[in-house]
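Multiple structures follow.
In the two assemblies presented below, chain A is common to both, partnered first by chain B and then by chain C.
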Partner chain A sequence: MTAAALNTQAPTGKAATPALTPAQTSAHTQAQALDGWLPERATDGQDPAWVETLRSAAAERARALGLPTRKNEGWRYTGLQALLQQGFAPVSEALEALQPEDIEDLLLPDLDAYRVVMVNGYFAPALSALDGLPNGVVLGGLHTTLTETPDLLADSLGEVAGDGAHLFSALNTATLSDGMVLLAERGVLLDKPVELLHLSVGTESPGVAQPRHLVRLGEGARGTLIERYASLGDATYCNNALIELDLGHDSVLEHRRLQLESPNAFHVSGVYLRQGTSSRYDAINIGLGGRWARTDIITRFAGEHAECDLQGLYLAGDGQLIDYHLDVRHALPHCSSRENFKGIVHGKGKAVFDGLVYVARDAQQTDAAMSNRNLLLSQNAEIDTKPQLEIYADDVKCSHGTTVGQIEPEMLFYLRSRGIAEGLARRMLCLGFAGEIIGALGIEPLAEHVSEVVGQRLEHAPL
Partner chain B sequence: MSATPDDVRTADNPAAASAGDASAEYDHLVQSEYEHGFVTQIESDTLPPGLDESVIATISQRKGEPQWMLDWRLAAYRKWLEMPTPEWAAVHHPPIDFQAVSYFSAPKRKELKSLDEVDPLLLETYEKLGIPIEEQKALAGVAVDAVFDSVSVATTFREKLAEAGVIFCSISEAVQEYPELVQKHLGTVVPQTDNFYAGLNSAVFTDGTFVYVPKNTRCPMELSTYFRINEAKTGQFERTLIVADEGSYVSYLEGCTAPQRDENQLHAAVVELIAMDNAEIKYSTVQNWYPGDEEGRGGIYNFVTKRGDCRGVNSKISWTQVETGSAITWKYPSCILRGDNSVGEFYSVAVTKGRQQADTGTKMIHLGRNTSSTIVSKGISAQHGIQSYRGLVRIAAKAEGARNHTQCDSLLIGDKCAANTFPYIEVKNPGAKMEHEATTSKISDDQLFYCRSRGLSEEDAVSMIVNGFCKEVFNELPMEFAVEAQKLLSISLEGAVG
Partner chain C sequence: MLSVNGLKAKVDDKEILRGLDLQVGAGEVHAIMGPNGSGKSTLAHVLSGRDGYEVTAGSVSFDGKDLLDLEPEERACLGLFLAFQYPVELPGVNNTYFLKAALNAKRKYNGEEELDAVSFLRLMKEKLKVLHLDDSLLKRPVNYGFSGGEKKRNEIFQMALLEPKLAILDETDSGLDIDALRIVADGVNALRSPERSMLVVTHYQRLLDYIEPDYVHVLAKGRIIRSGGKELALELEEKGYGWIVDEAAA
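Now for the complex of A and B:
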């Protein structure tokens, strides 16, 4: 039904059939809400044919997929109602008025990094800092690369994400135009981290930005990517970002993601990862901001002996929804993965965690451990967690563990008996809980920043 | 699942190849015929296959049911017609033609006053199964309401139970004799529209058990029903309703075997448990239905809805199950923890081998304050077996102080089987404490080596390790069942190791 609703070519008479129930009719109108996210024409005639094919195939897929409903397993706990009500329209052009001074407050002092800034989904060279890149590294905007040297992208762009996990990925591919490109040739060691800053500025009518990024590390290359989402003011907007990570043989990528969007922001992001033989991916996802945030992390192994380490911390407060979906598919033997996510939910916040570890029949000697621990601090908070294992090989070591609880009264009592006020004691315990993940961030200025934001949040949170 | 990738693989994977040789050694064991596979020749009064309102009316009429019962069935049937077949479970089977199933089958001679009048053939069947009723009667402590196909033919120990005030009879009898009790409770835990198979069961259920334990009564013995599916092409639609009134206790055992048949036999039972204030119900199941031949043909489809309602304060419902049979098992014994301080437990051992598929687990719905639940699920998957644990723990906003502990472990034997875990955890109360852990592994080589170096055969070693793996659950079973279950497990795994 939703498929037909999204499909503009569906016979128009269909919507008028009396068989439609009121619920169906409303779904129909909602589906059209995202129809506007698709480009009017899949092609602008300037890009190579394979890019155009990629876009039009994705547009077709988006129409066929339709809006996910709560009956769809991946969206069981994540309603789209609030997002649809906003009537987001695509941001059509780059905002060029911003000056480097305007974003100074948002930069991390002491962070020495190459910087790529996206403003409302478009690459802003004036705000970026790309000087002094080592040889063998391409770092810049996707649009420029597509226009000037599209062949550089041919084997990776759209290949890693494939058909994507859901409608939003398809929509992103269908509108693919700008974003960041980071390509490192064989053996390159990036001397400094690369910071990818998504900056969102309010527009007259609430807009949706759909940046598309690609990171490819050649054999033995190493790098660090810090991906941040921030906004100027309390703007209402939507980000539908997608990043493809293509890790070659023996390469190592450290990925730090910090989502600190405005309290009115909607956030959808997809991380698609392809790991070559003996590559290592080490990611920490911090989800603090936004009103409604959904992140999908999808890992596929393309070679044996690869390691994938996913960690995360989320803090959902009043009116917030933070949703992480992990999908790690072990299709080859001797790979290992670790998923460790921790969450604190307070106020009327809601958090969703859905992790799937899939071990295919031939993936012997797989080592996978998933853990999801949650602190539920208030009466109206809610956590829905679903750690899943699907195992088709026998010589494996797989486990998962989940806990949901509150602060241990004994611990609280201990601190209070040492003369620490209850509020402070609770904060200390929460920070201690979150400390494991924050401490693992490894990049000092970033860790300090996160720790400060988490501390502030807990101070104001009615615990 | 297709077998081709494995065959290709064994050639270039020495580990897999040697495993193949080892399993060939046990082939004679794997191929041993199903122990309980025999068909008793008794004339049956069977309705032709098919289902419509007149079939339901006929069933109701043959059972001499009052009008309200017929209305209830018809209401369920009409709702069922609108329900889609569930497809979410991780099981695969050809679509079931519900019109090809016969919905009623009863052994012809009825109205028996004592065991002497029971068809000797029937009695012999029970003897073959190792539970002769005469012996059962003599064996203190167990009353058997034997269900042969769809009509109860023998009920024992009725007098002793009656003395205590416990009602233990077939559900058809209960509809006649205790209509007010049945009408009051039937469908209150599993409503007609609960799910597709519960809907079907509500429309056509032909027999089952009814237990009522009055206030402050401890049921003097363990109650047990032996289910059997005998007539070819007959779906078995059991309906069990157990009501434990305030302060009472009852332990109920359910065990199953079925004769070998080539056609898939559909079984869609509904079990409803109701525990009032301070009452406790313990429900144990050993299920060993025909799992089909090596290719999975002809096994039983077991689509069961089991749910307990802890309605009163301090009530407790405990499910223990040992599942070794059926081609497909689709079963989630659940507890609704409504009363404050109520307790729900779920202990399960499930074995899948050959082409068996099991999608099983539990739901613990915490509504009352200080409710607690424990889930221990042990899955053993061998050969081409597919096994999924699917569980839900929901802690509602008002369930202050709720507590849940879940542990699900899977043991994989062989490289062609599968074990899945799909837990759903929904918590809305900060005072709740919820823990879930799951592991999946194979029998460790070290353990095997240790046992073998002590002179145990590989088979014995595996059996020993597996029994240890399941011990936590077996401990929850009543004595007789525990022994039977361990034996069953060893028999089930014979030949599956290698």
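Now for the complex of A and C:
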């Protein structure tokens, strides 16, 4: 059992800001591996000046940051070697050959949703379904919006993510060109979920797609976003996606994220959230992975009485790494946050959970709870879990807990004593463990899909 | 049905069963009584195949098969059922799903067709009625958040559904008030049949007021030291275990 960094310590006093320190000199040679991800010229002269500035500043930042190394706390357990070895190059063109029937198998049966499909990082209108949107909603491609109505994006795009958490966010901003835009005006209730489906298709040489998304809900607006990552075939590729979520006063966003990609997929995604007064963000992240997946969820409260609920489930097996980094900062009073992540790691799989809740001195009456529970199903499975509370206010309610364990022999025996074979009994218990999160998804076609995949994975999992 | 011969078993190098003999015929109800630490629960666990017990001598034959050679799930599929003293909570595992998996595992093992959802629900409803159980129990995770009485009733319900040849009731009365005890006992009695044997393991005689045994055995220090009819239980109730243990030692 390798619980390499099981950390159940009380909050440490040390600063654990994931912001990067300037890279070590030694990292610079390695960093050249990602130089190709940056555009040679930061401008193409067609977008508004503020967008050009956003890109060029990010490119500069990316060059200054260099590659994170394992000396960097936020990357201690997540090596970049495998990713660098692939020699990913940017995918420069949209793949237009895909027809709706090509993606039928990847759609969730019975899901009634507006759909935005990205193919290798580019908006694919022919595969999307945008008819019948309510008034007051803009939903479509970022590139089109930037070309036609860039002013719509001016207050949010790049504002929510700011400088970003690390090199990959800077690279995404530096190359910002296409993605999804979802804007809902004040008071709009989205009658159906919006599904943002990322499809990755193998290209001649392994490519990196860097889609950039923006969701902005006006005052009192409500909506559900299902963000999925899927592949056609078992291609080798990388996604470096970034989504900015800008929630106005009293708005509510339900966000369901499912990452289920090719066994050779590399995945980096950044979720940047800004929450206005009394807004509510309710997110469930399901990480079933590819080969290597890193997700950062970074939330900021811009108003009081906001609620942020982050749940997650990850399942990592042989040859997989799944890494979730959460960074929840309470700078204002009367906000609440909850993180509840569960993980199952089997075979030689590896998972990383790093959750930081930071409560500034002025953030009185903060209510924050963090929990990370893990099941390790094999001797060779590894989980590095690191929950951190940093609290500088004195009138708060904060808690955290981490567990790393195996299937309880008592439970296993109970099932077996009823005639259920050991393998099925284990699966039932794992599904039971995962069931809390799957059950909370609230969207039946999605929950069924996840439940089925998790069940299949466990059935074929070498323990 | 069940034949235990010279059974010896250890837990953590401590010998608990020290040469136990017991014969249970079809349709018979046997009570195993004895003071704390006499090996009652160990017997129940060894018979059901729980890990952590080392059988060092003796044999157990169940319906003509060498029981000790079988995995717990095989024993269950052959018709052995243990009603747990402390039924285990399984958070996230739906009770209906669990019961269906158990029943179908057994049917499959015995070459019968697995039940589909509709026939299974029909069967469950039928069994619920017999036991006067509320079907809300079925929608919840197995035993999770159940009261002591609900857990024990869920055990008996499983027994009704799985229709074992031999049911071992391990301290089924523990933690039950008199009303709950009566309900559980009624459930057990409803399941008595000429094909079903029962082994009722209990410290107290009171359970036997409700579930009347054909035979009573006294277990002490890992051996059966006295066997008799149901009147033996009454004698124990009156005089305690001391005299009989002393007599056996003498």
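In this text, the second predicted complex is superposed on the first by the 434 of 463 C-alpha atoms of A that agree within 3 Å, B and C clash if a C-alpha of one lies under 4 Å from a C-alpha of the other, contacts with A are read in each partner's own complex, and residues count from 1 in each chain.
By definition in this document, contacts are C-beta pairs under 8 Å (C-beta built on N, C-alpha and C of every residue); 3 or more make two chains touch, one makes a residue touch a chain.
Model, not experiment: these values are computed from the prediction.
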- request: Could you tell me if A:389 is touching chain B, chain C, both of them or neither one (first, second, both, neither)?
  value: first
- prompt: Where does A:380 make contact in the superposed view: on chain B (first), on chain C (second), on both, or on neither?
  reply: first
- request: Give one of first, second, both or neither to describe whether A:428 is in contact with chain B, with chain C, with both, or with none.
  value: second
- prompt: chain A residues in contact: does chain B have more, or chain C?
  reply: B
Query: Does the superposition put A:402 against chain B (first), chain C (second), both, or neither?
result: first
Message: Quick one: is A:164 in contact with chain B, with chain C, with both, or with neither? Answer first, second, both or neither.
response: neither
Overlap of the chain B and chain C footprints on chain A, listed as residue numbers: none
Message: If we count contacts the way the header does, which residues on chain B are in touch with chain A in the complex?
response: 5-6, 9, 15, 88, 395, 397, 410, 412-442
- prompt: So in the complex, which bits of chain C are touching chain A?
  reply: 48-51, 71-73, 75-77, 81-82, 84, 87-88, 90-93, 97-98, 101-102, 105-106, 109, 141, 158, 162
- request: Note which residues of chain A are touching chain B in the complex, please.
  value: 73, 77, 361-362, 364, 374, 376-406
- line: Per the touch rule, the chain A residues reaching chain C in their complex are 408-411, 413-422, 424-425, 428-429, 431-436
